[in-house]
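Scrolling down, you'll hit the structures one after another.
You will see two complexes here that share subunit A, one where it goes with subunit B and one where it goes with subunit C.
Moving on to the complex of A and B:
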């Protein structure tokens, strides 16, 4: 029971911190871990599709667009919509999507040869990205509300934690080894305080990202009609509203001239996406959007600029609106996504995200360590938290590594292969939960952390025997993405074994 | 890459000085108050220089963002070093 605020603000805040921190902490741990992995969303997709060629050439967008056009004109002639994603620093292939009379189609092309590249069916890094804000198996709207509630509780826990922490500056660098509860508290403070700006930023901007869902009343009031809302979406996002074909064929203007115009408008920034609605029709429209991750030219906004053209006349129809509130929203979104960051910056984001996981994990372990000493505390409550800690803090990493194993082991022609990779993850997580419920606690920690370590240790070996992108070949080719993935797996395996060996993690 | 390394190094050195001068049992009993204060403010100066370098090379938005991140990383590294040295000394 949380007592009303009085003179003892710090104690009240400690209560608030304890309960807001605990109730959804397991969900928050999964969100933080998958969110941290999402900073390497494209890189994880590249690793999970080893059929993609290792590309080092710089490709001119005009040449890539030429390949894309040729392919789409042959394969998606009657489509209502074409989406062309041009090769960038983080993804070297041309990605094509279209919506045709027979449904949705997609293809990837080699940017130099223009040949189709067949890749395995997997959600890749997109799974982690989607999971961290809309989970899986749950209705999207419900899951996003749940994630929002968890984020709000995290924000409360962060603020109440700062107020609670009496000696925040004095204890800034304090850590006492082997002192049980005191050590867990120091570790929790270390993870929390040292990366506090990041924790506050990522939690707040995470809430802002979905603010239209959480506080829709302003939008409802300002734009009550569905048409007005559709207009708003068209103004602020690089999307084309569905419009019918006129049925009269018309030649489209050369896209290279429009690309040059867009680049000149964006201080020379590279183009990322070209969308064409009703291609080849007199009613054809084209959206050209800049590539994310060019902070020197476009700032850190999460909404890259775009321009909409009439694809038959080349007339500029509209550009991204420029309003202070929308720019502020874009900046907050950009801060959350971190797409502006180059690779050291992305690693920095990931390390601070890992600190967030550490903060949640040590907080949960501190909760149980403290209550184990209290004889009057509910035994069932303690038992439940201990088991959930084990199944989440050790079991979820085991399940995540299993996803990478399944990515390499499932047959390439398996129906619904991408879905089965994810089903496998959740089945293993369920198995870890059952294991946590039936095994003695210390043995459970040792076994699950040991299993995570073993899976991580053998992952480079699995990659070596199932693909031609193993560590020696990747090193020889200078393919640092695959090299660093293998090395990171080995490093994390060492960390897991060390935690398992300690055996006192619980 | 060089800029990332420089900003990280400056924040690590800055926090190292702050940790050594501000924490009990470090330099507090070995140096005079004058030197302690001098090193303490030098720590803050290094953190400010890191901000100047970050904004100078990356611009205000990206520079301030990455500097805040490197503050955490620098403090974290100093924290880790102290944990390891305390453990094995």
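Moving on to the complex of A and C:
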């Protein structure tokens, strides 16, 4: 800073911190919470589709690809494209998508037997992922702008918070229990400072993920034509070329040879997706991209390497372009997505994300405890913030847990089942908001946190009753994903009950 | 202007100035990077990657400056430079 940090500067920074921190903090809490869950996107999908078999054998990509080819040749002839996602460490099934004459189709295959696996209709972990940058029910573009504004306010709140804070490190080692406002302040500082580099990184890189939407002016000036902008995108992302079908049938080269070529190019890294446009046509193209999450071979970039082939001649047409600015972009994107992380790394990501939720929650509670001591301020503002705090900090977790309940309880043959799981979540959130508006504040906190705790506590029981993958079975089978889901539910239930007991402090 | 009104008006003006100047500086900087002697797509991506830092730094500056006047004075040189190089404003 140019000027010495006088008292006035600090006051203005505190003011900036208060307002940028408050205005969209509820939205940010929902974004942070669902974003944190998104680090376990695949794992949550696995839990939400218990029909997926628990696989332990090592999967050969060539064999898996053979199954995929056989299925697609029978079921998706004449499709304009095929997308094959090969099983990786986190997702055991072959996942197929195609754009056929009768619309979009999809299927899941067992990677060893090649049989179709029927899974329940649910958005799974993808819901949390989508919600955390484009919300739900809102026009996508509008929602993404809203999330962007919230993220920029978060970035400003972080920077102004650091400047406001005089003794950032002394205070970090200070905690005053049971002292009302001081305790909330200490907790807020703890959550913020402890994970400050993470908060700054995740907020900035989050903005970077949608930078072409938020900062389009340079792009528009340099590349006025949409095709030119598309070119830039396909420099770094594995985009299937949209080319017309010629209509002349031609045999495609065996994919296994292209697979071997790609693996040799990528230091032996596994292939993740194979996309084919105009399969079986003279104009067939194939895009082979690496599986995310092999940092020892591929680094941490959010743009996994890919190769585009002519599928009839096997000629290599182009690969991912590596240039300095693209590398910086890929690194920032990779840091946000965290797909490079192995399981301890993912848990670390999740813990830091949880610290972010804690920072937002304690910041909001601090705002109300401070305001209550200043009787000359607007009563309505205080009432509104108090109620929104309750409906978001306690109500949104209740709604999220409901999603898992509905996932187990809704009939499997229900029409639009996946949508109703999500409608259920928002109906429950709405109910929590109404509850927060009419109940006395302390009772409201106790009841909503208690409800969240109860729902979490019973979730392992529900899972035991409705599937054959309850805690005893998953423990015996060594199915750590299901075991850790149940244990985490119990742990979080304990946390909710503890908060409910201490609820008066809110 | 009475002191009390000024006390309330000042943060509002700062906020408006912060939003407007941060928007313009980000916009201009994302275009001005095209003048760098780099491949076009590299400059474009760099401009986008740095844009959020430009935005945040501008807002923080507007709130750090001692007065609205000094905030404006501080914004002037980068604004003129970036506007010129982005060729969005004829100078």
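Here is the rule we use: the second predicted complex is superposed on the first by the 498 of 506 C-alpha atoms of A that agree within 3 Å, B and C clash if a C-alpha of one lies under 4 Å from a C-alpha of the other, contacts with A are read in each partner's own complex, and residues count from 1 in each chain.
Definition applied: contacts are C-beta pairs under 8 Å (C-beta built on N, C-alpha and C of every residue); 3 or more make two chains touch, one makes a residue touch a chain.
As the structure is a computational prediction, the values presented were derived from the model and not from experiment.
Enquirer: For the combined arrangement obtained by superposing on subunit A, do subunit B and subunit C clash, or do they fit?
Expert: fit
Enquirer: Considering only touches as defined above, state whether A:16 meets subunit B (first), subunit C (second), both or neither.
Expert: Only subunit C; A:16 stays clear of subunit B.
Enquirer: Return the chain, subunit B or subunit C, that is in touch with more residues of subunit A.
Expert: On the superposition, C touches more of the residues of subunit A.
Enquirer: Give the angle at the C-alpha centre of subunit A formed by the C-alpha centres of subunit B and subunit C in the superposed arrangement, rounded to the nearest 10 degrees.
Expert: Value: 80 degrees, nearest 10.
Enquirer: When the two structures are overlaid on chain A, which partner does A:477 contact: first (subunit B), second (subunit C), both, or neither?
Expert: A:477: touches no partner chain.
Enquirer: Using the touch definition from the top, say if A:354 reaches subunit B (first), subunit C (second), both or neither.
Expert: Once the two structures are laid over each other on A, A:354 reaches no partner at all.
Enquirer: So in the superposed three-chain picture, is A:194 touching just subunit B, just subunit C, both, or none of them (first/second/both/neither)?
Expert: Only subunit B is touched by A:194; subunit C is not.
Enquirer: Considering only the touch criterion stated at the top, classify A:112 as touching first (subunit B), second (subunit C), both, or neither.
Expert: neither
Enquirer: By the touch definition at the top of the document, which applies to A:296: first (subunit B), second (subunit C), both, or neither?
Expert: Touch partner of A:296: subunit B, not subunit C.
Enquirer: In whole Å, how close do subunit B and subunit C get at the C-alpha level once superposed?
Expert: The answer is 19 Å, the least C-alpha separation in the overlay.
Enquirer: Within the complex, which stretch of subunit C touches subunit A?
Expert: Subunit C reaches subunit A through residues 11, 14, 26-27, 30-31, 33-34, 38-49, 51-53, 55-56, 59-60, 63-66, 74.
Enquirer: Can you name the residues of subunit A that touch subunit C in the complex?
Expert: Residues of subunit A touching subunit C: 1-3, 8-9, 12-13, 15-16, 152, 155-156, 159-160, 163, 204, 207-208, 211-212, 214-215, 217-219, 221-223, 232, 235, 323-326, 328-329, 332.
Enquirer: List the residues on subunit B that touch subunit A in their complex, please.
Expert: 1, 4, 18-19, 22-23, 58-59, 61-62, 65-66, 68-73, 75-76, 78-79, 82-83, 86-87
Enquirer: In the complex, go through subunit A and note every residue touching subunit B.
Expert: 169, 172-175, 177, 190, 194-198, 201, 295-296, 299-300, 331, 335, 340-341, 344-345, 348-349, 351-352, 355
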